[in-house]
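Common to both upcoming complexes is subunit A, partnered first by subunit B, then by subunit C.
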Partner chain A sequence: MLVQLLVSGIAVGSVYALVALGMTILYRSTTVVNFCHGEFFMLGAFGVVVAQQLLGWSYGVSIVFALVLLLAVGVLTERVLIRPLRNAPFVTLAMMTVALSYLLKGVSRFFYGREVVPLPPLLAGEPIELGGAVLFAQDALIVGFTAVVVAGFFVFFQRTQLGKVIQAASQAPRGASLVGINVPLLRNAMWGVGAVMGAAAGILIAPNTLVYPDMGGHMLIRAFAAMCLGGFGSFPGAVLGGVTLGVLENLVGGFVSSALVEITAYLVIVAVLVLRPQGILGEGRSVRA
Partner chain B sequence: MRELTSSPALPRVARNLAAPSRERALRRTALAATLVVLCVLPFFVNDYVQFVINTMIVYCLVAVGFNVVIGYLGQLAFVSAGFFGVGAYATGLSMAHLGLPFPLAAVIGTLAGGLVGGLVGLPALRVRGHYLAIISLAVGEILRWVYVHAEAVTFGAGGFTLPDVRLGGQLLGDKGKYYVFLAAAVAAIAATSLLLRSRFGRAFVAVRNNEPAAASLGIRVKRVKVIAFAWSGLVIGLAGALYAALNGRVSPDSFGLAQVLLHFAIVMIGGLGSLLGSVLGAVLLTGAPELLRNFPGLEEIVFSLMLIGVLFFMPKGLGGLVARTVPLARERLFRSNGDA
Partner chain C sequence: MQFTKRRAMWSLAAATALAVVPALSAAQATTGVSPDKIRIGMFGPLTGPTAVGSLPLLGASAIYKSVNDRGGIHGRKIELVIEDDACDPNKAIAATKKLVSQEQVFMVHGGWCSGAVMAIKPELARTPDVPFMVLGAANSAISTPVTPNIFHPIATTATVARSMVDFALTKPGAKRVAIISHSDEWGKSHLEPALAQLKAQGLESVETVYLERGQVDATSQVLRLKAAKPDVVLAVLYPPELTIYLRDSLKYGVKAPTVTTQGVSIEDMVKRVAMPAATKELFVFYPLADTLDSPAYRKWVDLYRKYNPKDPVETLSFMGMTGALAVVEALEKAGPDLTREKFMAELNKLRNFDPGIQSGPLTFTPEQHAGISAGKVIYMSGDKPQIAAKYPASK
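Coming up: the complex of A and B.
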């Protein structure tokens, strides 16, 4: 029982971690808190649905299509909506992302209405037995993919020149542009990367949930909860927070009450922000306005 | 606080205080004429239009209350749907369980909204910026969860139907409700306007523009924030009470994320820090869905495009636009950052 809860918790938590990681990249490199990340997540899943069921493409090609689509959406968002407001206060930028989230949801609802679209699992096959727990192939794929992405991330940011350039550009944009780093270009790229990561998470989870226009809202809140829990703006924090939240939700559902699962994330947000605003791995610095 | 109004930091406020008496008289005349038009309106519309107008009044109140927090106090707190729900549930439940008459229940709903507003204001003292936005979204959803799961009290996910809405023994139809709503809304908006022009309202704006500077001028920032949240809760709680009476039904679905977004769009498109704008925004955004209702998603697309347009080209929203073209409509406590 406990092992099973832990295993499925880690699987769900991996998705949270992916979404939270995408948001953290954006936050770190542009200081924008992206309220439309949930819609990037939703669009990723819809991209696959459209390519597969309307255009009749294979699963693999559809996924590539969805990822490229979201890369374009992310890059365009930065160029068209965010860059003109780069000197605006944070509230304006946050509002712009809220407006965009509204727009993307409206567009998908315009075409799909109240429809709920199922997607077949990417990895079919026998569930894996793991010390008394059952792990579905799709879940294993999710966990594996997240682990690879996370590992890739740390190597990229800690070991490569480009990773360090990006870190420099986010920590000191003025200084970075003084030494010849093209900060706007990097920010543009980071929007693209963030959107792709959101989409990847959406594509991975879609077979387990279902695809519908409002699927992003819940994920956004969970990603926020993961970020708050782990430490807002910290990469390891986003991963740790995501997995912890997933496990916590499953434990609460298994041992306390299944009705509590849906608000675990909300309770975590309130508790963390009131008691320890910097989160588990956050720096001691208090919240910034 | 007297020093604040005469301080060089806010010269516009001081100048606007001394509006010439002719302008004031004109403004009063315009206001009175509007009220007269509003009073005779029900004689010229059918039941459906009347219902839509009643809905507009409810959302005017929501927008005015929400504007106090996000426009005047400048805190990005998505609390409106929470207060709205508390007002509606407190009103509906005290009618359904306790058999209270509607006016008394509405008072309870309003006060409940104010109480929750004050309570939600407390975390806002510690938490700022996007953290506040996130925590307020969470609080709203937790409240909604309570509506769904506290079935013994709230009747669960399906919601419940209100007993007849009566005033002085008489059953209120849509036209009857209109006059009650109108009176309540005029009173609440007038009171909000007075509050905003008092030292508290000026303190809200001072806190928004520069918290440390406001504190250094002797403004008790914490108290001011709690007052603003509580007032916002009162006004939106009243809106919730009217909303319950309007539909005769209360259910958890009415107070979710979609509502927050609608309220937010109303206030933004109407104009942050403009009461007139909030009213215009509510009328526009409550009326538009009636025209778009056969096209799922189109409402969201239109609203979001309007929002984006406002953010790019019209940071003061409809209220600012009207104030620029009709000087009479200028509000005294206008946004003070940048031009006015």
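Coming up: the complex of A and C.
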């Protein structure tokens, strides 16, 4: 049972990690905490449903459509709603993302209010035996995809010129602008990438959870908990936090009480903020008195 | 003489006015009733993950619309004012306040989620003159103890839970019963009577686990159940979480049959789970008198389709109909001089009211507002739903 709980926890935690990564990208590049990221997650899954049901496209083409759609949604969100507020206080930006979250949820409820739509697994096949535990093909795909994305991000941000430029621009936007870097364009691109990350997570988990307009809300809380646990703004922290949270939820449910699974994310947020506000991999910050 | 004639005419006019005014003032004094209309407020989850609970609302509204098409009740048409509570207690409170205070309805017929109805119960207790007919929420605590203006025309959670346990124990050799449940008010309202019913049989739950609303994974719960080696699992879950549980049960090899509540439609669940092996041993408490494709049920299916041609026809579609028919019956018996007091008095006189929709007859008395006390289960036999009182021998 322990091994199975660990294996399953890593699979679910990988989805948390992907959502947290998408939010971290936005936070790092724009300092915006995106409260509508759960809706990007939901729209990704619905993009596949719409392309399959209304347009009759194959699963593969529908996934590509959904990812491109969310890239466009992310880019447009930044250009139309966020950029005009670039000089506004942080709370204004946060409220804009909250408003957008309710708007997107409302639109999907308008069209799919009553429906909970099943999606077939992306990868069917025999389960894999792992030391007495069973790993299903869909879960293996989730873990594998997350590993590839994490590796890709590491290489991009640590080894490529563009990745370093983006990091520099996010840390010192005025300086970056002075040396000729198009900071608004970079931020715009990061909104697109963040939305695609959310959509990818939604598409991966949808065959397990079904697709419905409110599916993003709970995921957002878990992504926040993952970011807090790993370290707000840290890429490896988001991954570590997500996977740790997934495993923790399963272990608590399996060995302590299933009634505590739901509140594990909240307990993590509270515990981290009290004991180690910077998270596991975050850097400590000095605060002016 | 002229003076006398004029005086006589004035006297006649005054007498006529005196005769008419009380009748008019009685009609005007009853909120939500006008000479040609009775305003009935309805609410249910029209949106959100539990929006399948809008189907009972559609069924009940079909009854009211059919009454209007037949000319109404004592010359009055029923006007429906519909609100969305999304099964959210806060929204249910807002919807009820709006219907009662702003829309000035005669009565309210609504509530599919028990949490939402329990949240408005204090508000209803504060306005004892406003009749409330429950649409589909099943929590026993809604009608026990009795609140004079709350009428509960469906099998309560206590009835459902006892029936689930009784059915589970009809499986040959079944002694080990496990439970997976929500921990909210609705879950507890099933859990406690189920545990009491097990205890009455000299048994205890071999494992009780909780799966909360919105959770995306049931691995830890399913593994705990599997370790307990149950003969039967009682699942007290709303449709989205039951879907996750059934899928995970199949994945992790839980072989025990699952018996679940009336909050689920078997047809909807088979579609949602989309894994026939996962729903092969699923038994759902069945609140209706017959299967939807039976000849006896055709007239109700046709009526529902007439007013909701684009909406799905499922078990839940008919759960609000008996309550609506009880409302119509009481409105007719209350007569043309309708008041809320007369209406509730007529509801309290309903005995063995059985239009042939639900699993048993409806009876309300001043001391008993939980009106239905019988039910069976339904399961899929191949592609066809079958009703059973005992665990089928073919399984």
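Here is the rule we use: the second predicted complex is superposed on the first by the 285 of 289 C-alpha atoms of A that agree within 3 Å, B and C clash if a C-alpha of one lies under 4 Å from a C-alpha of the other, contacts with A are read in each partner's own complex, and residues count from 1 in each chain.
By definition in this document, contacts are C-beta pairs under 8 Å (C-beta built on N, C-alpha and C of every residue); 3 or more make two chains touch, one makes a residue touch a chain.
None of these values were measured; they are calculated from a predicted model.
Steric overlap between subunit B and subunit C is present once the structures are superposed on subunit A. Once the two complexes are laid over each other on the shared chain, residue contacts for A:131 go to neither subunit B nor subunit C. Using the contact criterion defined above for the overlaid structures, shared-chain residue A:209 touches subunit C, although it does not reach subunit B.
When the two complexes are overlaid on their common chain A, residue A:85 makes contact with subunit B while staying clear of subunit C.
After overlaying the two complexes on the shared chain, residue contacts for A:60 are found with neither subunit B nor subunit C.
Touch criterion met: A:259 reaches subunit B and subunit C at once.
By the touch criterion defined above, A:109 reaches both subunit B and subunit C.
In the overlay built on the shared chain, the residue A:224 is in contact with subunit B alone; subunit C does not reach it. In the superposed pair of complexes, A:180 makes contact with neither subunit B nor subunit C. For subunit B, the stretch among 25-33, 151-159, 187-195 or 277-285 that collides with subunit C in the superposed model is 151-159.
Overlap of the subunit B and subunit C contact sets on subunit A: residues 109, 113-114, 213, 217, 259, 262.
Interface of subunit A with subunit C (complex): residues 1, 4-5, 8-9, 12, 15, 109, 113-116, 118, 120, 127, 134, 136, 205, 208-210, 212-215, 217-219, 249-254, 257-259, 261-262. Residues 33, 35, 81, 84-85, 90-92, 94-96, 98-100, 102-103, 105-111, 113-114, 213, 217, 221, 224-225, 228, 232, 259, 262-263, 265-267, 269-270, 273-274, 277, 287-289 of subunit A are the ones touching subunit B in the complex. Those residues of subunit C that touch subunit A in the complex are listed here as 46-49, 51-52, 54, 183, 209-212, 214-217, 219-221, 223-224, 227, 239-240, 243-244, 247, 251-252, 271-274. Residues of subunit B that touch subunit A in their complex: 74, 76, 123, 126-131, 133-135, 137-139, 141-142, 145, 149, 257, 261, 264-265, 268, 295-305, 307-308, 311-312, 315.
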